[in-house]
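Just below sit the structures, each encoded as structure tokens.
Consider the two complexes below, in which subunit A is the common component and subunit B and subunit C are the respective partners.
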Partner chain A sequence: MKALAAKSGVWAGYLAVLLLLPLIFDSILAISIFNQMAIAIVFALSYNMLLGQGGMLSFGHAVYFGLGGFLAVHALLMMENEAVYFSIAFIPLIGGLTGLLAGVFVGSFSTRKAGTVFAMISLGIGELVAASSLIFTGFFGGEAGVSGDRTFGPPLFGMDFFSDVDVYYLAAFWVFVSTVFMYLFTRTPAGRMANAVRDNPERAEFIGYSARWVRFISFCASGMFAGIAGGLFALNYEFLTDENLNLVTSGRVLLMAYIGGLGFFIGPIIGAIILTLMNFLLSNYTELWLLYLGIMFVLTVLFLPRGFAGFIMMHRLAWLRGRLHTLALPYLLTGLPALLFVLCAVCLLELSHAAEPDLHFLGLSLARDSVTVWAALLLLATLGWYLTRKSVPGLRRAWEAANAPDAEAAREQAT
Partner chain B sequence: MSILSMQDLRKNFGATEIIRGVDLDIETGEKHAIIGPNGAGKSTLFHLISGKYAPTAGSIRFKNQPIENLSPYQINRLGVARSFQVTNIFPRLSVFENIRCALLWTSGYGYSFRHLLDRQRALNENAGEVLEKIGLAGKAQIPAGEIAYSEQRALELGMAIAGGAELILLDEPVAGMSHSEADNAVRLIRKVTEGKTLVMVEHDMNIVFDLADRISVLVYGEVIACGAPAEIRANAQVQEAYLGEAQAHA
Partner chain C sequence: MPEVLVFATLNGLVTGLLLFMLASGLTVIFSMMGVLNFAHASFYMLGAYFAYSISLYFGYWTGLILAPLIVGVLGALVERYGLRRVHQHGHVAELVFTFGLAFLIEEAVQFFWGQDTKNYQTPDLLDFPLFTLFGQEFSAYRGFMLAISIGIFIGLYQVLTRSRVGLIIQAAISHPHMVANLGHNVPLIFTAVFGVGTALAGLAGVIAGPVLTTFPGMALVLGSIVFVIVVIGGLGSLPGAFLASLLIGLLQSYAIAANVGMPDLLALLGLEFPRSHPLDDLWTLNLAQIAPILPFLLLVLVLIFRPTGLMGKREQ
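Take a look at the complex of A and B:
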């Protein structure tokens, strides 16, 4: 009962955040970031149905997103030509249906095996559809893409969808509904068996389940939600190109899910938020942001294999034992020099890339051609690196003490 | 009446003949042990019965229905469940989830995405009962990959019997256990397979003679003897081929 109340609380909080966000941050830029986040959240969650829940590594998930989006834009065009007339609130459903059908078709042969075979097929399909999008220009519009107009439908609750805020509330609705259904899916027999097949497909066969059929169901559901995300994209941007279903988009959703944390339902949501924010904030300041994204991904894979969600959940035990606060100082002692190192490294990268003789960074004006600046940065970076390395054993000890069973911790303190 | 019947069963891997014409009938309700030296083909025979491998030739009938060309999941749905020599569980799922998954198909849920598992009272109670039976009720929420080896073996057994299969195949259920663990495991096997047909592969002769009603001796892919424990013990051919050697090692 208590657990149920806690769970309802989490969902109510999620809904409240979705509804209140545009009231707190009401600038045009903020709304446009939120819209992009909403799309990314649904897309990343749908990807995690494959990789995190079902153990299927896909390099072509943008296919379902993009096809859903293209169909949605065509629906908008039909409305513009007065061939159909319905509320655009249903546009994401068109995307979802498209994603589902594409999933049924591709899944019928790609889910036979997981692992490398599945990954290679997904890559092939991704490449094939991306290439087709440039060949079949009647439907995909070639390099120019296809654009529509979302304002031809009937108004809904007084919203005419001229402004991004109207789109936000529509997107928030679909994000909430999609999140709820994707979460509930993980609690059903089909969803649980997806985990079982991920862990051990052979064993699943010996308790009466066809691993292939289990994968197929997850695959279709995942395609459907990716299509819904594509439909939201079409509503938000009113414009789709081949880039929305090519490998770059497929790669980005993989990064989102992975950086957020595959093993946790909330992981892809965190990943989608972080990457969307990074995209907006960093890409305005630096041309190197994709490089930073790549570095961040590599570091996540190496040091936080369970992603940001996993990093947060790592602290559960220390928190339950009431010793989370003992980690604050050690984290600071490692984190500050690490931050110094990162800032210096970023500065050096930016300097080596700078087109102008002066680089403005954190309120400083650094001369690109000055040997002193380079030397100082290198020195500081080395210092930061050295101090970080030196503080790691202390952090490790603090970590072990914070997580140790009570008796051991007491002994540790006595000595 | 025999529940499982194999006729002239053969399995080749390339040019190598592993199973070379096995004829074997398993009677309904009996506890049947298959023994034999290493490499005799015992595990392969299990893989053939449970559908992991398709036989090269011959027939397998379960309750008079041919099963030699069915997939593992189809054979399982007919009422054949098995455990594995190497622990074969869902390591990242909790102990409870492992058992619940093993119950899903026979409880009629199929591939449903309309039922919420936590709301299925009868299913969850059944899973709890199986956990009680195998003595893992206290570890229900721990990931199955993190419990002790002998506990994983018990879980493996629990998953095999959970679905209520009539024929249970156990592949070396006490391999790698200490004496006291093995004794517990035998007690457990006896308890959970009561009223069911059991076929087991086992190396430990004490356990085989203790548990089995009948024993088949498999040597180089052929059954050289089949009978009650006393007959097998007295069989000169068996002693020569297998028991003498095993006792010399023991």
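Take a look at the complex of A and C:
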């Protein structure tokens, strides 16, 4: 009962945050970021259904996103031509249905195996659809893409969808509904069996489930939610190109889900928020942001295999044992030099790429051609690196102490 | 007609053998570690870029020798400090790691060399037509590419099947523990094979760079095709990879050369369709247009009907 109350509390909080966000941050820029986040959250969650919960690594998830989006734009166009007339609140549903149909079709042959075979089929389908989108210019618009207009439908609750805020509330509604349904899916027998098939398909088969059928269900559901995200994308941007179908978008959703943390329901949400924010914050300041993103991704795979959500959840044990505070100081001792190193490294990268003789970095104005600046930065970076390396054993000891089963063992570990 | 056929065949062979240089490394690495290296084509790109930079100062031939060596060392480092670390988290993590690496290498190449296409030239020594057939020239450089690829294929085959090193590698693939018990350093063998595989990819990049243009997207263009070859040939099968490389190379080359398409087919069948339909483009397709997607079509079909590939042995 208590757990149920806590859970409804979390959902109510989620809904409240979704509704209140545009009231707190009401600039046009903030709203457009929230819209991007909303799309990314649904898309990343749908990807996690495949990879995190079903163990199917897909390199072509953008296919369902893109197809849903293209159908949605065409629905907008039909509305513009007065062929149909309905509220655009249902546009994401059109995307979802498209994604579902595409998922049923592709899933009917691709879910026989998981692992490498599945990954390769998804790659092949992804490339096929992306290449076809450039051939069938009548439907996909070729390299120019297809654009529509969302304002031709009837107004809904007084919203005419001219402004992004109206779209945000619509997107927030769909994000909430999709999140609830995707969460509920993990609680259904189908969702539970997806986990079982991911971990051990043979045993799942022995207790009488068809691994293929279980994968197929997850796959279709995932395609549907990706299509909903695509529909939201169509509403927000009113514009789709072949890039929304191809490997770039498929790769980006993999990045989001992985950096956020596979295997945790909240992981992809975190990943979607982080990456959208990074995209916005960094791409305005530097041309190198994709390089930083690549470095961050590889480091995450190497050192945080369960992503940010996994990193947060790692502290659960220490928290339950009431020793989380003992980690604060060691974290600070490692984190500050590490931050120094990262800042200096970023500064060096920017300096080597600066177009103008003066680089403005964190309020400093650095001369690109000055040897002193380079030497100082290199020195600071080395210092940061050295101090980080020195402090890691201390952090490790503190970590083991914080997670030790009882107080005595904790004291032993700490010394 | 015969001249089209001859040149399509020759070009298909050049492409196919080039693809094999990439696919051979990829497939041997797969049979050892059980992971498909997404970044394999990125090493091919690095090879081209390194060779370009070296050729600016020391000429083409130094680049031809040095660039693959540098790429091989880089590959070995990636295996030692990257893949081996991720290995404990399972196959998905490994695949995702190589995917991230491919992304990172592309960005790094843009960081160091910029986004523009590099003017990487064929060496003057090979800048003449090898022979002229039906009034068309076949450049000496393509002949050189053909020779190198065939040389690599024969050399690789000899080393793997006839030499003691090849024996140990093959044993390490199938029975790593037994080989370790016999006193061989199996992780070192893995690192070395990874290094050699990436060096081969680098070599392919060096010789392909001047012909297929050296630009930051070159890994992406070839990367998925090499994947397709390895899967179609049968994961881990070297002869299969050879067959599939030639198949794909020739298929693409013929498709581009053949001047037929849907209009011809429809005319042959005596059919006609009303125009102004969203899928109009379907009726005007020709083979050259769909040449880039043929490999992926083949991949999906092979995976559906014969998941082990042409010459793969066991079920995945």
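General remarks:
We adopt the following convention: the second predicted complex is superposed on the first by the 408 of 415 C-alpha atoms of A that agree within 3 Å, B and C clash if a C-alpha of one lies under 4 Å from a C-alpha of the other, contacts with A are read in each partner's own complex, and residues count from 1 in each chain.
Note that in this section a contact is a pair of C-beta atoms (placed from the backbone, for glycine too) under 8 Å apart; a residue touches a chain by one contact, two chains touch by 3 or more.
Fair warning: this is a prediction, and the values are worked out from it, not measured in the lab.
Touched residues of subunit A were counted for both subunit B and subunit C, and C has more of them. Those residues of subunit C lying in contact with subunit A across their complex are 36, 82, 85-86, 89, 91-93, 95-97, 99-101, 103-104, 106-108, 110-111, 220, 224, 227-228, 231, 235, 277-282, 285, 289-290, 292-293, 296-297, 299-300, 303-304, 307, 316. The part of subunit A that touches subunit C in the complex is made up of residues 51, 55, 57, 59, 109-110, 112-113, 115-117, 119-121, 123-125, 127-128, 131-132, 135-139, 247, 251, 254-255, 258, 288, 290-291, 293-295, 297-298, 301-302, 305, 349, 353.
Against subunit B, in their complex, subunit A makes its touches with residues 184-185, 187-193, 195-196, 198-200, 202-210, 213-214, 217, 221. By the touch criterion stated above, subunit B contacts subunit A in their complex at residues 50-52, 71-73, 76-77, 81-82, 84, 88-93, 97, 100-102, 104-106, 109-118, 159, 162-163.
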